[in-house]
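The first chain written gets the first letter, and so on, giving A, B and C; residue counts start at 1 in each chain.
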Amino acid sequence: MQIFKTLQIKPWLPQELEQEQETNLFPSVLNRDKAATTALKFFLAVVSVIFLLFTITFLQRTQSFDFQALSGEPWLPFTNADILLQNSTYLLVASISIILARKFAELENFKGVIILLTATSLFTLLFIGGQVQVWQQLNQSGFYIYANPANSYYFLLTGMHALHIIAGVLVFIRCIWHFLLDLSYQRLASRLKLCALYWHFLLFIWLFLFFLLTSDTETFKTIALFCGF
Amino acid sequence: MTIAIVLILLVIATLVFHFISPWWFTPLASNWQAIDDTINISLWVVGIVFVAVSLFLAFVIIKYRYNKNRRSDFEPENSKLEGWLTLITTIGVAAMLIPGLFVWAEFISVPEDSEIVEVVGQQWHWSYRLPGKDGKLGKTAIKLISEDNPFGIDVNDTNSADDLLVNSNELHLLIEQPVKVLLRSKDVLHNFAVPQFRVKMDLVPGAVTFVWFTPTKLGRYELLCEELCGIAHYTMRGYIKVDTANDYQTWLASLPTFKQTLTRNPVNIAQGKRHYTGCTSCHGIDGQGIEVMNAPQLAGLSRWYLQRQLGSFKKNIRGQNSTDVYGQQMSAMSALLIDDKAVEDVSAYLSSLSSSQNILINPGDIIKGKLLYKNCSYCHGDDAQGNYAMNAPKLARQHAWYLKRQITSFQQGIRGSHPNDLYGKQMILMSKILHDERAVDDVVSYIHSLTNVR
Amino acid sequence: MTEMENIAIADQVDHSSHPNTFLTKYVWSQDHKVIAIQYSITAIAVGLIALILSGIMRLQLGFPNEFSFIDPSSYLQFVTMHGMIMVIYLLTALLLGGFGNYLIPLMIGARDMVFPYLNMLSYWTYLLSVMVLVSSFFVSGGPTGAGWTLYPPQAILSGTPGADAGILLMLISLVIFIVAFTMGGLNYVSTILQARAKGMTLMRMPLTIWGIFVATILGLLAFPALLVSAIMMIFDKVVGTSFFMPAILSLGETLDHSGGSPILFQHLFWFFGHPEVYIVALPAFGMVSDVIAVHARKNIFGYRMMVWAIIAIGGLSFVVWAHHMYVSGMNPYFGFFFATTTLIIAIPTALKVYNWLLTLWRGNIHLTVPMLFAIGFIFTFTHGGLTGLMLGNVIIDLPLSDTYFVVAHFHMVMGVSPIMVLFAAIYHWFPLFTGRFLNNKLGKFHFWGTFLGTYAIYLPMHYLGFLGVPRRYFAMGETDFIPESAQTLNAGITVSAIIVGLVQLIFIANVIWSTFKGKKSGRNPWQATSLEWQTAQFPPGHGNWGEKVPQVHRWAYDYSVPQVKDDFIPQNFSPEEVEYLVSEQNNTQEKK
């Protein structure tokens, strides 16, 4: 590992420093993209920790006596999770279209860029709308947020996820706005690269939550056993 | 240079303070000598390191203080020295840790022959339950808690009938008998701590935790809650009394079983009215209280409160202070009620009466009183209606002069300081937040203005 | 424009034009130095509130029943707000938001943070969180009185003061603070990783930067735990979920909760709370190392060990959290694991103390005010660290937890020590901020008052803990095992505390006076090697480096290098620029 080597350097010895210069240990290209990528990676780490901690508390809670999973039995809402699958598709399409948008930006194709940016926004909003619809359905059929820990976690986790999506959309709109102002394809492409990373990350988180929240009691038992709860 | 000398003086001062300090662990009263030993080992280790590091620091400052003719050494590192220091530190740390872990292993393995005691915490009282003859505690649930079943014990559980209930702040333990204390909370987090026993543990709502020890010294020890549990946290006290076998058996025999607490004697209000005739000359025909006789209003007070107070007077817990003239009077008069049945009947009768308007003298500032009363409202209720669950009597409609006298009595320790007055101590602590007569008048006036309660 | 993208930020003359109106220069500023000052002033202002609260608490403890403006509710509220403000809104914000912001770009040779706009946003978000927090003093019921640990269930039940608006505002304020910290923190790590000047390798960075860097990563990964617990508690309070709430009574009423776990909150809280100790301590460790090296004119002893220790402490700090919970009723077997990890973390920490001592060893110690504070730090940190070894040992924690021993310990190690470093740092870097020295005489007075005063507060307090006096008690009243003399001791502690509080006013006065009237320092007054003192313009202006960012040729600790004329070589001196003593030395040898 490079980092262990770095940490063993004796910085007071000049001859070793010359070696370092040759092995290019200096930060190479100091540009904004690279800094932004670093920042985004750290941010994704932060978000991962948030969802990880939620998940751990959730898994612990699945083992309590009053936990009633949201799927398994025919009358439970996510035994048939079609609507959630549909929402997942929206987010998947949005994630793909954002990559395509970047490709078109690299090709400097204005029309393609605009269409795909619109598609991304549209499908992301469809996802949010779909999620809101599920919340309403749950509420209407009596699965209130406070009625059962499974419901509480469903609203909590999907809500947190939606919040992250909305924050992403705001940044995304800002990208579009800047593009419309300066029409710099190169900048747009580099920004979209980061957006795409974020979208895929949230897609991944969503698929994880999807699996988690629609599991039945048996699955939770297995997971909990596996994790040693 | 000064700093070096000051550092040396601080080290000396610290050591002197340590060795002459009268503030030190209370004498041990349990089997946990091992904990004290571990602390002593650790204190020696950290003490030596502290003295060594501080004196070395002072020495370095003196020796290498600024001298314009000298230059610092250039020494980036010294692996050998650092290696040795790591090794020595690791040994020191291990010397502290390993004995500690052995004692902890002992702490978490409860001896087979230990008796079970349940300690129940609530805001801001303690109560206790013993398993009775079958050695097993009945199941409990929060939703079963009621005025008739303050422990929330499940009636249908066969183990519950012979459970012995201690509905007071004092628990007795048998000397040299290991006990496993099961800890349960009705509301928030509490902590079971008796400094003389050394061990402590939180009470967690929704879970049962435990701690074990063997009391080894006869005596009465104060039990403190040491986990912040709300506004009156500092008044949540109890007592653990360590008894000889004889005393312990006597105490056990005095405890009601769960079954007994469920089958209450039917009260006879008419009989109660007859008993009350002896009291009317002071407390009035309708229990409305008479100022010139210095007798408070009794009509409309809760049964459980009247019962407890009459019991206290009868058992010489209340009204024993030499300066408590009226209390002494009442203590003598309470002897007229010959037995518990009479106390129950008269209490039931009085609580069935409705209270009359009260009298206010020395009107105070109601707005200030309201601010002060905020602290009282947690237990006595926003309308001063009283709350059985908090062991807090109704205050609304009581005469202002009486309230004032009682508050003052609590403040001066005239009321509530008897060692067996288990709830009075709380009021002594709380009443001290009223710093002067003015504040007492203010709060009493505010209580007077609360008329929402019958 | 597109070409600009690929030029190193460091070599761009500027990424935004120099601000010239008052508003853009001092209020909506994107300059890391101005933002740092804004952070510092806000943090110190809110810290003063917390200081006053602690004074009121001490009055009650020292002289119970004397002061009618404090009752059990307000006492708990003051305890809570004092703790929360000091730990989060003062120490974290001042060390990372203040010093981190000021020093990172200057010490690594960057023109600014990599995202100046985000940096500005971070400050304003922080200010918002402070305002939300302070506003809780003015809502009905007042601020929360649940203790700074905010343990549910009591934090959101009516037996605790401020259980309605107070606790909600506290939780919301924390969430906002975490957002602010995340914005700032992402900036710090990206800047340190991506904007270092040429030649500034990781192992050439001053320890200050190492401390801030690792602390920021800790913060980024630990604050989410607080965020998660705050959000879940808000849900419990507002929509009636049962994340932390079991079936429960509140003042006799049965509530509609069931099945939640209060201990779960404690795990989350301390999973944040313990790293938080090091979020405060690591920057302090770093800064004190630099102060000691500069004022002892000696290279830091064992630089590599210091870096490894910082990283090791940072890593270990995530696996020790449950040592705050030995008596919480968690699975008792956890005790073995957490006692062991806790005592292991003492080893790298002890090595740091040794290395500071060995840096002084054979140094040439200038007893300046910053050095005095640094020495004060070593003393108080040793004291506090050692009592921490006792508390970390699970069985010793049983009698001592929740007593004044704990209070004394964490104030010594997390209050007094980092504040000693903060003062050392302020006295040390003040010339960099303003071009002037802080008044030396007042500074010495401030040091002695603070150092001796705090020791007089916290040394006796440990003994109240041994005695068994519980913490968070409004008054002891008469308690069988507590002698009268304990109250006298308490009164003495209060007197010391009031004196220490007043001495801080001298410091504030000194700062204000010296900012305008202090003695001019001139460039690099301490003759330090690190980059922040080597700017073209002094004190550094917007963009920090003028025409060209410096190139780094050496580590930050070339003090008293043998054969070299001066006793320090700035980091940006190339080997050719160094003047050697060789000829002189030959001369002296010849004379002998």
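Descriptive notes on the structure:
Methods note: contacts are C-beta pairs under 8 Å (C-beta built on N, C-alpha and C of every residue); 3 or more make two chains touch, one makes a residue touch a chain.
The model shown is predicted, which means the values in this text are computed figures rather than measured ones.
For the criterion of most C-beta pairs in contact, the winning chain pair is B-C.
Farthest from subunit A in terms of Cα centroid separation is B. Taking the mean of the C-alpha atoms as each chain's centre, subunit A and subunit C sit 32 Å apart.
Mean C-alpha position of subunit B lies 37 Å from that of subunit C.
Centre to centre, using the average C-alpha position, subunit A and subunit B are separated by 51 Å.
Counting partner chains per residue, subunit B has residues 76-77 touching two or more of them. Touching of two or more other chains is recorded for residues 259-261, 299, 303-304, 557 of subunit C. Annotation for subunit A: residues 10, 12 touch two or more other chains. Interface of subunit B with subunit C (complex): residues 1, 3, 6-7, 10, 14, 17, 21-26, 34-35, 38-39, 42-43, 45-46, 49-50, 53-54, 56-57, 60-61, 64-67, 70-78, 81-82, 85-86, 89-90, 93, 96-97, 100-101, 103-105, 107-108, 122-123, 141-143, 145, 183, 186-189, 191, 193, 195-196, 198-207, 209, 220-222, 224, 226-235, 237, 372, 374-375, 378-379, 387-390, 425, 428-430, 432-433, 435-436, 439. Across the interface of their complex, subunit C is touched by residues 6-12, 14, 17, 20, 25-27, 29-36, 38-39, 42-43, 45-46, 49-50, 53-54, 57, 60-61, 64-67, 145-146, 149, 152, 156, 160, 182, 184, 186-187, 190 of subunit A. Interface of subunit C with subunit B (complex): residues 64-68, 71-73, 76, 145-147, 151, 153-154, 157-161, 246-254, 259-263, 296-299, 301-305, 327-329, 332-333, 335-336, 339-340, 343-344, 346-347, 350-351, 353-355, 357-358, 360-367, 372, 375, 378-379, 382-383, 386-387, 389-390, 393-396, 398-399, 401-403, 452, 455, 459-460, 463-464, 466-468, 470-481, 483, 485-486, 489, 557, 559-562, 567.
Contact residues of subunit C toward subunit A in the complex are 1-2, 5-11, 114-115, 182, 185-187, 189-191, 193-196, 198-204, 217, 220-221, 223-225, 227-228, 231-232, 235, 239-243, 256, 258-261, 264, 268, 271, 299, 303-304, 307-308, 311, 553-555, 557-558, 575.
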